[in-house]
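As structure tokens, here come the structures.
After this come two complexes, each holding chain A, first together with chain B and then together with chain C.
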Partner chain A sequence: MDMVENNMKTKPLDKSKEINSVPLLQLDELSVYYGENHAVKNVSMPIEENKVTAFIGPSGCGKSTLLRTINRMNDQISIARYEGNIEYEGLNLLEKNIDVVALRKEIGMVFQEPNPFPKPIKENITHALKFMGMKKKDMEEVVENSLKQAAIWDEVKDRLKSSALSLSGGQQQRLCIARALALKPRVLLLDEPTSALDPISSAKVEDLIIELKKHYTIVIVTHNMEQAARISDNTAFMYNGDLVEFGNTSQLFTNPKEKRTEDYISGKFS
Partner chain B sequence: MNRRITNKLATIVFVLCAAIMSITLVYLLGYILTSGLSYVDMDFLTSNSSSFQEGGGIKNQLWNSFYILVVTMIFSVPLGVLGGIYLAEYAKPGKLTNVIRTSVEVLSSLPSIVVGMFGLLVFVQYAGLGYSIIAGALALTVFNLPIIVRVTEDSLRAIPVKQKNASLALGITHWHTVKTVLVPAAFPGILTGVLLSAGRVFGEAAALLFTAGLSTRNLDFGTWDPFDSTSPLNPFRSAETLSVHIWKVNSQGIMPDLDAIANGSAAVLIIFVLIFNVTARVIGNMIFNKITGSK
Partner chain C sequence: MPTRGHFSEELKDLKADIRTLAEDTKHALQKAITALHNSDVKQAHQIIEEDKRIDKKEEEINERVMILIAKQQPVATDLRRLIIAIKITTDLERMADHAKNISKATIHLGEDHPISIHPSIKEMAEVAFDMVDIANKAYEHEDISFAHKLSEMDDIVDKKYGEMIKELLELTANNPDQIQYLMQMAFSARYIERFADHITNIGEEIFFLIKGRSYDLNE
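The block that comes next holds the complex of A and B.
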């Protein structure tokens, strides 16, 4: 509740910023196909820097597919194919010759179900750092900083060597966020990061997201409309692969332009 | 009412099946061990076998069993593990992959005596290896490889895909993910499979009859030059293993104490196979705990 009020109060300030900001990512006529299935249809929208952009919509509407296209995780699926553009730093991320390994370092991802490696807590963070060839002595600092940034340092600092699987679900999810942050990404993609968590853990992750947007651009897929309303600046409502409406979150929730958006947010269908 | 009876009945059937299996196993083990162990002592394990007189041992046969096992594993583990990784992680679904997978399945269901005949033709005669440890180990590789491929592929596929995604999403290459996330997570499963297959290889007789041969020279355990014909390490000498020895003593033996020798050998064989099985479980669990950091 508090959060919604806060958002309201700071709204005029936010708006003035919005006009000046250039989108970090620009989706342009983006289509994703799984074989014959046209899962995402001609979606165009900006993703603004240091803002939280939420994708909402009923199950199967293509919002997770859209998210997983941004860091090319859909490449895993052999029948997936793309059309259109995702412009980032003057590049089209869907280009065949994009180095997806480098791309995923800049655009990190956290999944629906917490997926720490079944390794000690610390090694969860250092796993990717080792691959990048970071020196051991530099790692200590990164481990501490990223765990602090993910607001989990105080809970784990005395047991960095115990298994990540011994943590609670909410702690595991924050560890996964810390793991992504350790690579100093510019964008964080969150795929329903709280849907497997209890309300208290969810609230902690939400607080964390609001804190993180100061330094990162965040895109979050969520089932939970209250969550989208609480934490996001912009919201995209998707239905059947179409982007029905995109806009400022408070405007979209209080005064939607499209009938389908209104029906969805008022709970007429889900 | 009816459902409760069905439920009870199902439980009884399952318990019964489990009981039949365990009782058979215990009876079999008990029978082999009680009839064989009385003959097993240091002298039996450390003396040469005899063809006519009483009191032969199994020193060379025991050594041969282990040596062939080690050589077989050197051939089949790297090949099988890499093949399993290929099938689980790299093979694209399609005709070629189906052909490979079917071949592996067919290979694993070949009767071992047929593998032995194949070994006789290809390794012993065509390749000119003669009855030798190396020919025996190659035949056993044919027979063991599909098991290791299968175990590796299954262990890799059993890892939740979210683990792989976690690593890929961190900007880590596929190969590094395979090496540092998937294979370590699959390792306990792979190791358990390898050790269980070692038990099978150790006890195999039919595939060795025509490849490693039925006789063994009295070995000189002071000679470690692998090219010396009396050296235990010579891979080109014929080598009768423990299980082949049991078969031979039982079917062609003329020594007066042949029952005792066969029973004693069977007991030793069973004990080692049991050791392989138990070690497989214990080490598998130990390594799993070590990798995951749990106690």
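The block that comes next holds the complex of A and C.
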């Protein structure tokens, strides 16, 4: 799929790739401004392929802004502007000529509140596929695979024509993940995907995230420290727009280098 | 009030209780050495009985730590504080067991044994008492400079133990009729040496707390 309106192409997707530590995305001196507000300040970090990277930090620290910058969701905010690079497959995703629609297929997003379309479960998956011109018989396979990958197939396979709104909150969120997976992304951006869910539903989504990282690169924003510690491989702690510390999650949660990180993850931030 | 003030208070209380347990353990060894010197079998029995209280205290502390971990979900330094609380408490309980073992040796020797207690026993014990005080200070202030000192003092205990065992071996060769008594003395020296090793472990645990990495001070 062309992401650049010229003739630059992304490489074909290879979903069978083994886990490795090659950065798929490299954030380099990335700054985001909302008008005069410098919301993300000169952030540099790798996003490793087939790993879960968690962004943590207090409200307003810039973590959601950073996440939304990766697939240019902030473009919809007129006063938002960027500096620096997000390198992906030899492209700078912040370049003006990037086709953001193609980008968002490659780098999908799931939001805090489950937001299924008020349509049948199956149509939630096929809606975007129709726009892509996919044939009906191919869609059947994508629907089943996406729902299976999102670990919700067994729960909905007998009621695909029921309204998605009849599902529980946790099921709706997994359906939203399935909807994102149907577009065959390489990266999934998850913005507090379990904050509106009960502990059981959250646990299912967490298990799902760990499964999905075998095939996808995942970046998650979470306010839940324990969740970040449980599911992520790397963690970035942000404060006031700065990246205070980035590193291996086990190391960051047991022996952080920075006192501000220690205070925050220990709940002693003042 | 700082955030998580209650948790900080609970950590403070826990530390105070562990420091008290360390004092109790030191007193148990002090009494055991006195009973050994005085051939005080009655006192030795009392020390063995009192060890049950230390065992119970260990269980209580471990349970408190488990509840704190479950309820407070600590990370980083706080997590290490709780992990070393369990480890230090286990070391202290073992140390008290060594005081109990010395008391058992006192009982085996009986009130009318023919040998005099080797002076190194008392010397080793004196160093061990100082080590408990230093470990307690190191733990209270979370200070690794104190912890370093423990390693040096443990070397003194080890050296005295080695010299004493050599002497006792010579004595057994010349006094075969006293082997059973000399053996009890050798055991007692060994228990003090192990007691000191456990204090050195506490030094290592304080290193782990401060540095977040393991250290071996017992080498």
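In this text, the second predicted complex is superposed on the first by the 249 of 270 C-alpha atoms of A that agree within 3 Å, B and C clash if a C-alpha of one lies under 4 Å from a C-alpha of the other, contacts with A are read in each partner's own complex, and residues count from 1 in each chain.
Please note the rule applied: contacts are C-beta pairs under 8 Å (C-beta built on N, C-alpha and C of every residue); 3 or more make two chains touch, one makes a residue touch a chain.
What you see is a predicted model, and the numbers here were worked out from it, not measured in a lab.
**Q** For the three-chain model obtained by superposing on chain A, do chain B and chain C clash or fit?
**A** On the shared chain A, the partners fit.
**Q** Check whether A:F269 is in contact with chain B, with chain C, with both or with neither, and answer first, second, both or neither.
**A** second
**Q** Just to be sure I read the superposition right, which of the two partners does A:G108 touch: chain B = first, chain C = second, or both, or neither?
**A** Touch status of A:G108: first partner only.
**Q** Return first, second, both or neither, reflecting whether A:T254 touches chain B, chain C, both chains, or no partner chain.
**A** In the superposition, A:T254 contacts chain C only.
**Q** On the superposed three-chain arrangement, identify whether chain B or chain C touches more chain A residues.
**A** Result: the larger residue contact count on chain A belongs to B.
**Q** Going by the contact rule set out at the top, does A:S162 touch chain B (first), chain C (second), both, or neither?
**A** first
**Q** With the two structures laid over each other on chain A, which partner does A:M73 touch: chain B (first), chain C (second), both, or neither?
**A** First partner only.
**Q** Quick check for you: in the superposed arrangement, does A:A203 touch first (chain B), second (chain C), both or neither?
**A** A:A203 contacts neither chain B nor chain C.
**Q** For A:M139, using the defined touch cut-off, is the partner it touches chain B, chain C, both, or neither? Pick first, second, both or neither.
**A** It touches nothing on chain B or chain C.
**Q** Report for A:P118: first if it touches chain B alone, second if chain C alone, otherwise both or neither.
**A** Only chain B; A:P118 stays clear of chain C.
**Q** With the superposition applied, I'd like the minimum CA-CA separation between chain B and chain C in Å.
**A** Comparing every C-alpha of chain B with every C-alpha of chain C, the smallest gap is 33 Å.
**Q** Mind listing the chain B positions that touch chain A in their complex?
**A** 92-93, 160, 162-163, 165-173, 176, 180-181, 185, 291-294
**Q** For the complex, give me every residue of chain A touching chain B.
**A** Touch list, chain A to chain B: 71, 73, 76, 78, 101-106, 108-109, 111, 113, 115-121, 123, 127-128, 130-131, 161-166, 176, 179-180, 183.
**Q** Mind pulling up the chain C residues that touch chain A in the complex?
**A** So the residues of chain C in touch with chain A come to 2-4, 7, 73-80, 212-213.
**Q** Show me the residue ranges of chain A that touch chain C in the complex, using the header's touch definition.
**A** The contact residues of chain A facing chain C are 225-226, 229, 253-256, 262, 265-270.
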